[in-house]
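Two complexes come next, and they have one chain in common, chain A, joined by chain B in the first and chain C in the second.
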Partner chain A sequence: MMDRRNLLRFMAAGPVIGLVASPLRAQAPATIKRGGTLTVAIFADPITFDPHLTGNVQGRTASQAIHDTLFTVDDKGRLAPRLAESWEFSDGGKVLTVKLRSGIKFHDGTVFDAAAVKYNIDRIRDPKTGSIREGELRALDRLEVVDATTLRFVLKYPFAAFAFPLTDVAGAIGSPTAMEKSGKDYGLRPVGTGPFKLVEYQKDTRTVLEKNPDYWQSGQPYLDRVILRPIPTDSTRLAELRSGGVQMAEALPLQDISRLRQTQNLVVSEQPGFRWEYFGFNLRDEHPGRSKAFRQAFQWGIDREALHKIAYFGTGSIGFDGILPGSPFFDADYKPFKRDVEKAKRLIGESGISTPIVIKGPLQPDPVKQRAAQIFQANAAEIGVKVEIEQVDSAGYRTLLQSGQMPMDLQGWWGYRPDPDQYLAILLQSGGSYAKFHGYANPEMDKLIGAQREAQSEAERKAIFRKISELMNEDAVYVPWHYSSDFKGLHPSVKGFVHTPSGITAFETIHLG
Partner chain B sequence: MEEVSDMRAEDRRMRFDRVRHGLRVLFRNPLAAVGTILVVTQVLIALVAPMLLPHGPNDMDYTSVLSGPSFRHPFGTDELGRDILSRLVAGAQLSLSVGVASVVLAALVGVPLGLVAGYAGGILDEVFMRILDSIIALPPLVLALTIAAVLGTGLVNTTIAIALVSAPAFARLVRGQVLSLKHNDYVMAAYSMGAPVRVILFRHILPNAINPVIVQASLAIGFSVITESSLSFIGLGAQPPQSTWGSMVQVGFQYLELQPSFALAPATAIFLAVLGFIMLGEGLRQILDPMARSRG
Partner chain C sequence: MLFILKRVLAAIPVIIMTSVIIFLLMRLLPGDPIMMIAGEAQSDTSPEVIAQLRQQYGLDRPLYVQYVAWVERALSGDFGYSVYNRQPVLDVVLPRILPTLQIGLMAWVLAVLISVPLGAYSAVRLNSWTDWVGTVFSMIGAAMPYFLAGGLLIYLVALRWGLLPASGYVSPFTDPLESLRTTILPALTLTFALTAVLTRQSRSSFAEVLNYPYIRTARAKGLSERGVVVKHAFRNAMLPIATILGLQLGTMFSGAVVTETVFAIPGMGRLLVNAILSRDYAVVQAVVLFITMAVVFANLLVDLAYGLLDPRTRQG
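Showing the complex of A and B:
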């Protein structure tokens, strides 16, 4: 399995290397077929193409085909240039100076420059825009335009990971002229510098993207068109891929993975470190989660092996913290817990909670989580805790979580972000929204979160992130159990595909044969 | 002393004869016969089988997940390695209980409403019937879904939702019967003798109006089983690890290619249960219908 994946990465690397190294570049065009249409079966409709408003992976993917981002992440999980050519931190990590590429034009012919970047960042920070990315830029004090290609981000406090959100939609730059003209409708009339333009959008049916012939990365894109077709049913998406109705399908059903890998006429691409899972507890007085011993019992009581094998059909890997494999801060040897039912029972006994202990856990109709929740339920029963699963819809789940009244979170997960700070601060810092939902605040933890932001070197941050993981597991407000992989299915003719941990596909490197 | 015990024996014998006669009538009608056999078999399985099966419905076996039919697991195992046959039988208990309970509840609400509305007539009748009309006007499944969503998830709430949706049919049926019965001589006689309304309704009218109610009840159980399955299919009914046929189809549907019997077995059970109750209801209608009986 690894072989095929590595081969895929190698093939993907082809055109990228071709841009940088000229000897390779001379060979590249001979092997790359230009033109053609790639049809992709996606899980949900993109809904909007406004990068500052979009929420789901599909919307982020489509927005980033239309808009380039300032930065990107390389295959080692480190910050890499895109619209930004180079950057530098100064003043003890409080000032980030960015040099932009020049000579790039938006699809509407207007010029991409520092003023356009400032317009976009200001748009995200403007409450009237209602952007959900506003929080990602909260460390920014002010943004100064130095000259046409130079920007200075002045931060409120030293923050090593500040630029990472700018590798995703928060750093996607649209044409200020088009944004002014279209106003609220910009999401349906997006204008970026990206490799593709939006030519047709029918909600829940299809999205058609067409090649931008003037794209600044020479030679790219190779495809003429990309068609995104939302198909929510797992088996239908797969059937379309098998029949050749689409050449690419996202979110392959996990139970089919091992069987599909045996299939000759399609390629299964796996990217580990796509998201991590946890069982969360509410620490407020009216819930059993108020007792630290009660929460810790689950660190020892849950059967991570069974969860991995059953809930995820053996895909991905068992996890013990929120640092995903693939991150420079990940440590594969960090395995602090082994199942110990006796120890878990003892901790429940020490918790001082009067028996019988009953805890309610709402659950959305997600197959993985339905399996996981029932294993958790069986594990909890073994240590004397009755878990009442209550099926709810996603809106009901969110309302309950945000009200701070959810006794426990059977559904907890965070998707990949290039820097762990992007979600650990939300989950663990006393001001973070998820910390509040769970009633969690620990000054010691706040100090650690602050320290890793100020730390200048990667090694220093790695050491602090380990301390954060240890304290998170000690407090056990979240009991982590898994790192999951993202699976995409490809027709063998699809070449040049790079599987990123974010699950966002860059269509400009793809070619058909 | 001897005489009394003789009379009791006589009484028992007569009762036994009546049951035997009833069964003979039932089995002379092919629809009713097949329906009865199907229903009785399913009820027996639901009651007896759990004691005979080697696996508990919630026993997980992580080593055999989504395995196909075998000697150990005749219908294979589900996504958590639980025996599908055991869950099917446990599901039979829940699905049939919800079906019967919701219909009994619906009858308890609907029958008195129909009796009162039909007997009282006038403005009370108008108000009752227009309210019921407005309920009937809505598609039953959509209404059940809405009520279940408002009440919250779980089988008890599902039962209540189905009962509320089924009740108007009982009320309408009984009201129609009362309208034609209330001018009969024996009712007038009871009335003129000063019998209280309660006695007239429940002693004199109800026993004569009950036949169509029994038919309706049997048909309604079929509808209830289907509705419970539908609600459980979308997650409103049974909550994990409970198993009902509908929730099994819902989960099994995801693994249709890998383990077809996971979804097909409960789907077949739903089909057979609904078929059984509808055939029984249809057979009973033919037997109890005075017009049909005179022909036979």
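Showing the complex of A and C:
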């Protein structure tokens, strides 16, 4: 059972798992300076502030400054309350009862209550909304309003990780009044309960967020204003940070990290567990990936050390599965493979694929992936496999992937989600879209995915996730190789910043000195 | 007037052809805008939602139906809805015109102010050391990619000397001084390549004109060399330069793509690249239509400028 009491017990009993403690954690409230403007250089424009429509990190960040989410994730990677005050699973994990906080109002004065939450969840699930978050709530059968502050989520099957998407934009609650009034323009006129309000938006120029003086979390936010400035070029973003044009910059260029750490008047913040990387194979008959021995050869044949040092400039860490550091299910000692070129060659020999073996891999112009693909190509050549890299753009890559005709996926990665089920089910369960793209289906795997969903305790789930990792590595449809970190640069005056592995910044804890 | 009318009429088939070509080219590229927005979420969006979105934006209809519908609405001033930006296309495109125009004009004026005197000076002193220095600098300017020029300017002017902001844009209607400060570096970046081309052109153009018999006559009258160049050679030498200026407009748009990305300027170039990458068909169509019209218009202006520079080409 994933209720809070049990979570606390696991937090006490479980192994100490290393979220790297940020040196910038919030200080004692007495020393906090109020007011001021924080200008942030972001990588891309937020595009929309409608939490149910937004896609990129910038849009998720901005819409969560305006809207609170039902739940959040604590620094141990576990579910924590936000608009929801408490919760409890019952009926063998099929019913989730959520008690909401009371006395909260949206920016437009509308009262936040169970009906408002139901309105938002129904909006995501209505195909007419066109919400790309709809899939995250697929396990939901129906949502019942018990009373003004109590909701009952009735699920189609027992699902321990059900509430995790509600820690992100799928659980962001907007004012039903405003949603009715603005219709499809809600994305430009968002109204939430969050610490900030949207006061100005100029696409590709700036987004201005202003303090919500009536915010329900006492004392927060400390800043008067947050200005988000989209600056797509890495070097320009960095120049703005160093020249004082902005006090915070996201997505620092990896090749500059070690140099920036030596720089005065600039703090580099690193948060591991931002995303993980794999090389994927297509299991259909017309591709070499049809042979398990062929796929397994790469588990032993790729040089993870070189990938880590060259593709990622030594940032982040080498990874052997899809469980990210920072997750309660992560195990730093899980290292099933060591590079063994002879063994890899033997496996290629056993694969029964006639030589010469040639495999095509489409690749986007992303510098990290370009470097990784070149190393992979060299490693493959050593074990007798020729990799032909084809340059495509993002849309071209997705078209090939979704058609199920991509021989191998050199680009494979998955961004942070608080619970591994949120992506492992998509990648590995036979109904998952990525499993279908790669032609992968294993009834044994389906059973394991179902088992961790039904599991009643974190320890039980952890044991099953290990089995999932082992089977994933045995089947080798994805060959995992790296966990990357998120990097943000800060001016030393920026205090109270909490770096989450999602890369999403909560501005309400930040203050300037 | 008749001449102008003829030229405007001649531009119509150009615009129609461009719109058809860009419409088809965008749809030949793999993917569509719905795939791009669904892919960004990294979650299992159901086929029903994808189909619903395609239908909502009319992307499920046959191509010719989509094209005809687009033309019909465009003629009444409605350029459709941007799937990626979730806003009407005009709301996305219109604010982009001013920054690009402002930077482009500044670059154009700067380039003319630098290159014409420089070219004339070089032409008067052909093969002198000043001519050589000018030549070498134009070669460097022509060879320097925009991102390098922009990066160098940011590093020196914004970061080392702290004189100007490294990026961003302020409208001249909000704050004229700040607007100038934010546009100087991008305009200079665009100026490099343009100046290089124009200096070479004006050098050879002045050199040619200065050999004409009427110049010899002017010199024989006892006019100073300065008077000869400014009063007599200037107009004739400007003809080919005006042509190049018109033709360079297209190049300027391609320069704007890189420059606006480097300096984070919310202009047409940056919008166009993002729209192509996200397969935002309606935005690409509107921007390309606008650029086509701008190029046609600029070349019309050049033709009219001929009339001012050289009475022989004046149209009935």
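Here, the second predicted complex is superposed on the first by the 483 of 513 C-alpha atoms of A that agree within 3 Å, B and C clash if a C-alpha of one lies under 4 Å from a C-alpha of the other, contacts with A are read in each partner's own complex, and residues count from 1 in each chain.
Keep this in mind: a contact is a pair of C-beta atoms (placed from the backbone, for glycine too) under 8 Å apart; a residue touches a chain by one contact, two chains touch by 3 or more.
Everything quoted here is computed from the prediction, not taken from an experiment.
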With the two complexes overlaid on their shared chain, look at chain A and say whether chain B and chain C clash or fit. fit
For A:47, using the defined touch cut-off, is the partner it touches chain B, chain C, both, or neither? Pick first, second, both or neither. second
Kindly classify A:365 by the partners it touches after superposition: chain B alone (first), chain C alone (second), both, or neither? first
Would you check which partner chain A:423 touches, where first means chain B only, second means chain C only, and both and neither mean what they say? second
With both complexes superposed on chain A, which partner does A:388 reach: first (chain B), second (chain C), both or neither? first
Chain A contact check, chain B vs chain C, more residues touched by chain C
If we overlay the two complexes on their shared chain A, which of chain B and chain C does A:235 touch? Say first, second, both or neither. both
For A:398, using the defined touch cut-off, is the partner it touches chain B, chain C, both, or neither? Pick first, second, both or neither. second
What is the contact status of A:202 with respect to chain B (first) and chain C (second): first, second, both, or neither? second
Considering only touches as defined above, state whether A:160 meets chain B (first), chain C (second), both or neither. neither
So if I take every C-alpha atom in chain B and every one in chain C after superposing, what is the smallest distance between them in Å? 6
With the touch criterion stated at the top, can you tell me which chain A residues are shared between the chain B interface and the chain C interface? 235, 392-393
Chain A touches which residues of chain B in the complex? 58, 60, 62, 65-66, 79-81, 153-154, 234-236, 239-241, 251, 254-258
Note: in the complex, chain A contacts chain C through residues 47-48, 50, 53, 55-56, 127-128, 130-136, 138, 165, 184, 187-188, 202-206, 229-233, 235-236, 239-240, 242-243, 245, 392-396, 398-400, 402, 414-415, 422-423, 426, 432-433
Counting only contacts in the complex, chain A reaches chain B at residues 234-235, 253, 255-256, 259, 306, 309-310, 363, 365, 367, 370-371, 373-375, 377-378, 388-393
Touching residues of chain C toward chain A in the complex: what are they? 29-32, 35-46, 48-49, 52-53, 56, 84-87, 92, 95, 147, 151, 154-155, 158-159, 162, 165-169, 261-264, 266, 270-271, 277-279
